[in-house]
Amino acid sequence: MLDYIKSYLDMNATPGQAGNVFWATVYIFVVFGGVSVAVMAMNWLERKALAHFQIRLGPMRVGPHGLLQPIADALKLLTKEDIIPSEADKFVFWIAPLIILCASFTVYIVIPFGPTHAITDLNIGILFMLGVSSLSVLGVVMAGWASNSHYPLIGALRSSAQMVSYEVAMGLAVVSAILMTSLNKTGTGTLSMIGIVQAQQAQQTWFLFKFFPLGFIAFGVFAIAMVAETNRAPFDLPEAESELTAGFHTEYSGLRWSLFMLGEYAAMIAVSSIAVTLWLGGWMRPFPNALAGETWDLVFSLFPGFTFLALAVFCFIGVARMPKHPYFRIQTIGLAGFGAVLALIGLILFAPPVRDRIFDIYWFCIKVAGFMYLYIWYRATFPRYRFDQLMKVGWKVLLPIAVGVLILTAVMGVIF
Amino acid sequence: MTDPTTYLSHLELGQPDKTFLDSNELIINMGPQHPATHGVLRVILKLDGEKVLGTECVIGYLHRGVEKIAEHRTYTMFNPYVDRMDYVAAVSNGLGYCEAVEKILNVQAPPRANYIRVILAELNRLASHMLWLGTHALDIGAMTPLFYTFRDREEILKIFEKYCGARLTTHAFRIGGCQYETYEGFEDDVKKFLDFVPPKIDEYEELLTTNRIWVERTKGVGYISGEDCIALGVTGPVLRASGVKWDLRKAQPYAAYSDFDFEIPIGQNGDTYDRYIVRMQEMRQSLRIIRQAIDRIPEGPIMAKIPKVIKPPVGEIYHSIEAPKGELGYFIVSDGSTQPYRIRVRPPSFVNLQALDLMVRGQLVADVIAVIGTLDIVLGEVDR
Amino acid sequence: MAPVATTFFFYFLSGLAVLGGILVITRKNPVHSALALILTLLAVAGLYLMLYAPFVAGVQIILYVGGIMVLFLFVIMLVNLDKSAKEDQFNKQWLVGMVAAAALLGLFMAVYLKGKYLFPIQEAKLPEQSNVQEVAVSLYGNYMFAFEIASLLLLVAIIGAVVMAKKRI
Amino acid sequence: MAEETKSPAPPPDPAAGKPSGSVEPVPPANQASPSAVPKPAAPPPAAAKPAAPAAPAKPAGPVPVPWDSPLVASLKRTYGSGIREASTYLGQNYMIVDSAAVMDVLKILRNEQEFDYCVDITALHYPQREKQFDLIWILYSFARNERIRVKTEIAESDSFPSSTSIWPTANWLEREVFDMFGITFEGHPDLKRILLPDGWKGHPLRKDYGIIQQDKEWVQINLGIESGQ
């Protein structure tokens, strides 16, 4: 048994490929747990960042700087009364959030956090991701219809139209990235997520910069479409609070509502992961070609530890700035403790065995976090599109651009 | 509540375009509990998909019978009540009421009082427009301007608070002038504010004026022509954005407005974007007026000679001012007693709201929100 | 990786597909029917996976479940179907239906009994690693003409739909 | 109120300051500008000293003075005694018109005299009078920068023609008058209560409307107490 467990560690494949059920299970738990924690962190971060964009403080009461706010929110939502409208279609109403949640979590099966850090590697990986993430629109439609109310219905109609429309542009942008994998005489193309990153590794470039500016444009199309796909500002029409109160989940409350939120944030992280994998070199560290060599590898592998240490220092600065008042004592101690934990993690990350294993995961997560920050930034800056304008952007702007880029990429691929 | 369909009795909506799917129209109740109806406005929308076939406003949820109350109060006692109508522009409401009563008494507020009134009323116009901008932008989906405008509106409210102790329902003026002399440092505060706020207005404009989504959401939305405005009695920035250069401060100057040099910004297209631009320019013009007023504020008494018991002679008077939202009129009928026989308030929001139906027909649900925002209504004033 | 519990999954997925099919025709509520159809489609996608055709399975999910069924639901929600919900589902043409079902049953029986001779057993290739390439070569190589014909047909259908749906051209 | 010395400035001739067709109004021509109003006499001692009985010694406030203008003259020529009174009070012009003629007068004001903006429609209730209601239109002309009030007396039973066909803005204003006074307008597209709920009893702005009774009744029915006062 132990051998069975250990045998995987020496292998150079994902647990799914190795057929190692134990490690696959561990990975599934780790990934799903990690995603759930990331969603909570994202929740806190969004509220804090948005607040600072808007000259306010955001959550400050629950825990130091509101660090425990997501937990408090989760507890509140869990204990809230779960209301099902009496005229609602009970079964559909009940199953809709589950579908969204399942769809957005299943996607994580194929996300490559590192060359071996994925639950499994499907040879239709990217297709699988697009397919499964397109299932979440079903949940939205069902939720809107089952609520038996006008606002959710309009929200559902909007979102189904929106998600189906933007999937087209998104798919075409993805295809042009996939085309790049097979080019440059590096072998045949692939749909596998790990294969795509390996292709970038082999070509010594991120696809973002390949066939400049084609990769860049395709990435742009995807970056816009993915915001629309996840119903986030400025494309948050299905849940436009000023128009449709809360869109398709108007009638939901408590736990079920929190499942929607969980699904939404998980989907945001998932599509950002796709973008990172396809265009930003996945787990590769920055400047793989310009700053190559052993020394640079070492320098970049020290980044994770330093990041955590920096966060710890940030916490300690916060501790120093805490008001010296008995009322704040617990908060101060909590923040100091949090900083200490972060510092400890940072120190552990300097250890060579850990460092080598964690290095690629770190770069992947950092890139995804960048996208998450963009999501917040959009939300703070942009007004909301109107429905017809949204459709216009999707069909008349993004789609032609995506088709054009696709054709040009194919031509470039044949020429070079 | 009554079934919404019975409310639609008068809506001559015509048949929606028949499609192959024979999609039937949807009737939606927007409000009274809705985040974007600015209070308790209830709009019944008749939709074909997302297209608005017709609307009907149901108002009165905030009706307090102000006009009836007036009949049972003396002129002085009624003064604070007017602040509660348009509670975001309480100073303007008070100004209109005090001037109307002064007119029927045939007295004249002293010049210094008039200057103080102009300064406060223009500050209030700024505050009202800032609140409008923040909520309007929030309705269209831009969250951030709301917090910026509230930050800057706060400075105005601080001045109000220092002047008269109240922030929102100020009751700043009295019949015959002002009760309070300006506080120590009033001029400095106002001057500081005048330097503080122009960059902030630039900031709002930077966020919105050239923002593509903002322009697309507002250009061509909620169009109303100047003729329609006049026919529907729509006044204020909405009228001016439709190209009619009419502002009571210029047309029939009251208080000290004839002393100041300012422009009436107008728009050409009569759409939501023009109304936005007009209001933004009005904010700058208000600053101009305040600057002139604070520089030239005369010394002297702040209260005219007014009898202790206000007992206007028998007669009636109509007086109106340019409130931030349009023409705010007071029609006072006196029977010679201490209590008005009747006070009629001509609320700009109420009359402007009538234009909603015309402005949103044939547009989308999202535009209804934009148009409600751009009309800048305050339900306290609509319902009184 | 060796397949696990193939038989179980085959019967499980087939059972799901059949169950979904039955639900589609027995549910009175059209939305429920559509959801049952989605169940069937997903089960069939699973069967494709078992046949080592992951590309087809993925496309099945993207196109049918993510696209077409969403449009179905879209239309069902827009159209007022209260009347049809009250109607009896098996009232008309049941005789014709029976005959058709019997004919189909006969066909299945014939294939089951005589299939061995008609379609000789052939060990299928398991192109797991290069599935997409195989499909592409078939579509754009061997069956180029048929593929183009199909796409032309679809184009005609699209234009027809636009012409019919648009109020003013 | 006798004719006294202190009268406001006489109304200037509207024709003098009348721009031709420009949209931008000129500064007020007939609206007595604040500086033009003569300083009022000392505050009416009548309020402070009600004992003073001598009528001539009582300094009356401003009084209405007849309003002469081509507009009034032409209207009077057409309607004769239909125009009962045309006066200026504190610089504000108003005319009292017979209820039979008022719709025609309004139409003429709108169509021929450029009073294209109906500022307000409201009513007054005088329970002692035979014709209990005063109906008032406040009109404004952008071209002339001039305001007038048109007043008419109607009885409760009268059903009065609606002016929505003249000014669309009259729609809600008339609904409010109906809501508050119970005056019905014939030909109004949708005459129903606007500010009060549909089931409301009575019309609150009438002088004989009892607030206390209404309140008592409500608390007796809904709260089961004797009085809310």
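By written order: A, B, C and D. Residues from 1 in each chain.
Keep this in mind: a contact is a pair of C-beta atoms (placed from the backbone, for glycine too) under 8 Å apart; a residue touches a chain by one contact, two chains touch by 3 or more.
Keep in mind the model is a prediction, meaning the values are calculated, not measured.
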| item | value |
| --- | --- |
| Central chain (by mean CA position) | B |
| Between B-D and A-B, the pair with more C-beta contacts | B-D |
| Chain centre separation in whole Å, for subunit D relative to subunit C (CA means) | 75 |
| Subunit A-subunit B separation of Cα centroids, rounded to whole Å | 45 |
| Mean-CA-position distance for subunit D and subunit A (Å) | 66 |
| Cα-centroid distance, subunit B relative to subunit D, in whole angstrom | 23 |
| Numbers and ranges of subunit C residues touching at least 2 other chains | 78 |
| Multi-partner residues of subunit D (at least 2 other chains) | none |
| Subunit A residues counted as touching two or more neighbouring chains | 153, 157 |
| Interfacial residue positions of subunit B with respect to subunit A in the complex | 26-29, 34-36, 49-50, 137-144, 146-148, 151, 207-208, 211, 213-214, 216-217, 364-369 |
| Touching residues (chain side subunit A, partner subunit B) in the complex | 50, 53-56, 150-151, 153-154, 157-158, 233-234, 236-237, 240-245, 379-389 |
| Subunit A residues within the subunit C interface of the complex | 16-17, 19, 89, 92, 122-124, 127-128, 130-132, 134-135, 137-138, 141-142, 144-145, 153, 156-157, 160-161, 163-164, 167, 171, 188, 191 |
| Touching residues (chain side subunit C, partner subunit A) in the complex | 1-2, 29, 31-32, 35, 38, 54-55, 57-59, 61-62, 65-67, 69-71, 73-74, 77-78, 128-133 |
| Complex interface listing, subunit B residues touching subunit D | 2, 9-10, 59-60, 63, 65, 67-68, 71, 103-108, 230-234, 244-246, 250-254, 258, 305-309, 311-318, 320, 327, 329, 331, 333, 341-342, 344, 346, 350-351, 353-354, 383-384 |
